[in-house]
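These notes are about the structure you will find just below.
Order as written gives the chain letters A, B and C; numbering starts at 1 within each chain.
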Amino acid sequence: MSSNNKKWFSLNLSNRKKEQSSSCSCGNTSGQCASQQTPEVIDNEQNKDGFEQVFDVTMDRRTAFKKLTASLMIGAGAVSTSCSVISSDESKEKAQIDWEEQFKGNYRLMTDEEKQATVERLVRSYQLRTGKTINMSSKNAEENVLFGYAFNISKCQGYMDCVNACVEENNQDRNSQMQYIRIHEMKEGNGFNFGEADDNYYHEVPAEGHFYMGTQCFHCDNPPCTKVCPVKATWKEDDGLVVIDYDWCIGCRYCMAACPYDGRRFNWSQPEVPEEEINKNQHYLGNRMRKKGVMEKCTFCVQRSRAGKNPACVEACPTGARIFGNLLDPDSTIRWVLENKKVFRLKEDLGTEPKFWYFMD
Amino acid sequence: MINKYKYILLLGCSLILISLLFSCKSHHEDEYHNIVDKIEAKSTLYNGTSISSEAYIEPNTIEITEGEHTFLIPERKSQITSYACTECHAKPLGELQDSTKYKKAHWNIKLKHANAHTMNCVTCHNSADMDNLKSLTGEAIDFNRSYNLCSQCHTQQFKDWKGGAHGKRIGGWAPPRASLTCVNCHNPHQPQIKSKWPVRYNTQKEIERD
Amino acid sequence: MKRLFVFINLIKDSLDTITRGSKGYHLWMGFLTFVMLVGMYCYGIQLDQGLSATGMNDSVSWGLYISNFTFLVGVAAAAVILVMPTYVLKDIDFKRAVLIGEGLAVAALVMCLAFVIADMGGPSVLWHMIPVIGVFNFPDSMLTWDVIALNGYLFINISIPFYILFRHYQGKEAKSSVYIPGALLSVFWAVGIHLVTAFLYQGLQSRPFWNNALLGPRFLASAFAAGPALIILVLAVIRAYTPFSIEDKTIKKISLVVTVAAQINLIMLVSELFKEFYAPTHHSESAYYLFFGLGEKKALLPWIWTAISMNVIATLLLTFHKLRNNFRVLFFACTILFLAIWIEKGFGLIVPGFIPGSYGKISEYTPSGIEIGVTLGIWALGAFIFTILSKTAIQIEIGALRYKKQK
């Protein structure tokens, strides 16, 4: 890992050198081990994004506009690699995976077998690149489940433990400090005045005379973002989660303009997470590694919630201000909150029907 | 010629109309007026799910039933250092109060809970029965069910806690439900939650906004 | 078979035409090529780094590209101003200008598509949008309507002039029964592309600045001002530098269209300003930002006031017959009107839609050098295409380019 002095992990399918140096019999990764091979220096090392991954060549800026014809060249690259006698079985396999991944269909329209197959390809591809195994799920929505969320404004103290937990759980880009959750510090007596609220404070909390309100994707029942997507790369699942197929997204950012709640984030550059911080328990629609130029957002931690766990933010909240559960279960705590507390939602007049309620003690 | 144009015009208009109709029809509105109606309607058919959060709940829990709510809370007694209290408090408390004879015990506990008019140690502790707490009327309350003590004054919080609006849920969202009890978050002697610094600060966002 | 042969000959002849010309022509084309190459280099950098190479961010997620796209859709739609009188109402005056107008529409549409592609995060997966192979979210997504509208309009605007020129190339008259239905369709279509593009923004309940019923009509009015204004300028250049003669009468007629559209546009602007500022709600914040700035944030202030003053001056100049009929004044008025609408309907419309953000936060937008480079490159591409198209068309129309049977 220390071979090219890279602190970050980045999706880099075409860098074959990595896996050679990744394991060493003495387990020493700092480069002191005598048996470790010195890897060749790759001089124009750079981050590879989703569609550069499929090139089997390293590229510099001078050749960059050749990328315009990316898809064609991927095909050519894959064919030449798979026909080549010289290249190893592994790189053939990688080319095969890249080819299938580039031209696979929309996840929502896949059968369960196809979903399983793409998940297996992604796991295998990760293994080929890094030598590490991840666990990726393609679990579908469960019957009789509709996820909902409630946020207790009187309880939140603004500690931001939820933000931390969310970033770690969901493998968000560390460079741009992408965060799904925003905590707005509001002045008591000013009502819910978001304009005057501070969502990036750093002082001892809770501050005198202030209260805190968290926002994130509200998983609207009538989501404006999914309606505008030209390719149906984002949709509402049966359990109410609004999800994105990162591989199908074309990055037009129309959904971002359509969301009234600032719930969506765009990967303006190649997202990077330090290798040791990667959460390896993943879901296809959730926290698997993203690439540059695609949208992402809160999925109520689909990898956790579909397994019965609470989302990371709920689990991390030290005050119990965050309540998550099944809206269809009449005995669930979320239902009790909706039925017994004075709940409201943000921008209800827009008709988006968010499944994220606020309440006070 | 003019007839021909009219025909084309008509054709164009009807094409537009058809496509509009098509788009309105395919735009299948949910059969429910809003999300609350949908929840109400769909939950009448609710017959449980296969998802359980049993696996995520720690073993040291006890089941309690309060009103119509039954759920798990963490067991308390095993978490208290040197419980049972009677292991030290063999004699009644009155005999231990001579400071010339004995070293001060529990000196670190400062009571910051209500004011001195309302509460002191013996409001909750029983000098005659140290292994149990006591209610305002002097009845014994088990340490594992200390919420019964808190609920004497904090009735609204107790109601919310039973329902699930107050107190953190542990394990998962799926049944069975397990929640923290009062003393897991609030120190009973100083129940106010302390202030601290936020765990992170987003420097990128500041740059973006300047 | 014979037709194919003629077609091949046409291609050969037109290639011959466009590679020959005066020194000025070569300099012009060389300059455009250079700018295009710079644009491609910038785009290469953008592909490499991702869209972080631009000035856009999570709060202002559309910028210069989409602004130019919006404006150019209007320019493209304006071709209809010439098409309708010529083909449908049989106005002889416009006949010579119409091919230029349609060439302009084609160039503008190519630029529109290029701007949209430049704005995409994943251009390599754009095939996801192709119906049947990909998933086309029609009719829910207005973007898919726009894709259909733009490509259809491009097709119409290529095929009609091509048919006419192809006939003229062979020395035959173009049959009106063939092109008139197409011309009629293009009239509807032109209004359609612009309305649909307005609906793209108008349909977003999250952005109150755009979510306003006047947006579509105002798009049309400003398009019918800016587009023909550009056509007047282009005709003036063509008249001066090529043997293709265009009568004063044609230009005067087009200028009348520009005048009326500019006046209507101004009325709508007044109506919009009245609504935003007479009884301002928190939905007026974007307008406040645009026209007066919010606190310290006032980046768009100099732009919008320049645009509005140019708009008013141009409309005033055009309104008086005496001034309008003076070609110097007319060309000046057209230039400033075009620039004014480019500002007003470009980033004057797109950027304030995102400011303040969903929760009232303000982060301003300044395009990066890369972004400006790509934008200039695409404009150069448009100019390049237009030059090629109009040069071929002019040569055919003045009879210099004819199919020679059996050389």
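Keep in mind that, in the parts below, contacts are C-beta pairs under 8 Å (C-beta built on N, C-alpha and C of every residue); 3 or more make two chains touch, one makes a residue touch a chain.
Computed from a predicted structure; not experimentally measured.
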| item | value |
| --- | --- |
| Furthest chain, CA centroid comparison against chain C | B |
| Central subunit by CA centre of mass proxy | A |
| Between the pairs B-C and A-B, the one where more C-beta pairs touch | A-B |
| Distance between the centres, which are taken as Cα means, of chain C and chain A, whole angstrom | 38 |
| Whole-Å gap between the CA centroids of chain B and chain C | 58 |
| Approximate Å spacing (C-alpha centroids) for the pair chain A, chain B | 28 |
| Junction residues of chain B - those touching two or more other chains | none |
| For chain A, residues contacting two or more additional chains | 176, 199 |
| Contacts with two or more other chains, residues of chain C listed in rising order | 57-59, 140, 361 |
| Of all residues in chain C, those that touch chain A in their complex | 40-41, 43-45, 47-52, 56-59, 61-62, 116, 119-129, 134-137, 140-144, 147, 200, 203-207, 282, 285, 353-354, 356-361 |
| Chain A - residues contacting chain B, complex | 142-148, 150, 152, 155, 157-161, 163-164, 176-177, 179, 199-206, 221-222, 305-310, 314, 317-320, 323-338, 340-341, 353, 355, 359, 361 |
| Interface residues, chain C side, partner chain B - complex | 57-59, 88, 138-140, 180-181, 184-185, 188, 361-363 |
| Chain A - residues contacting chain C, complex | 46, 49-51, 61, 64-65, 67-68, 70-71, 74, 102, 106, 109, 176, 182, 184, 193-197, 199, 215, 224, 227-233, 247-254, 256-262, 265-270, 292-295, 350-352 |
| For the chain B and chain A complex, residues of the former touching the latter | 30, 34-36, 38-39, 42-43, 45-53, 55-56, 156-157, 160, 163-169, 171-175, 177, 179-180, 185, 193, 195-206 |
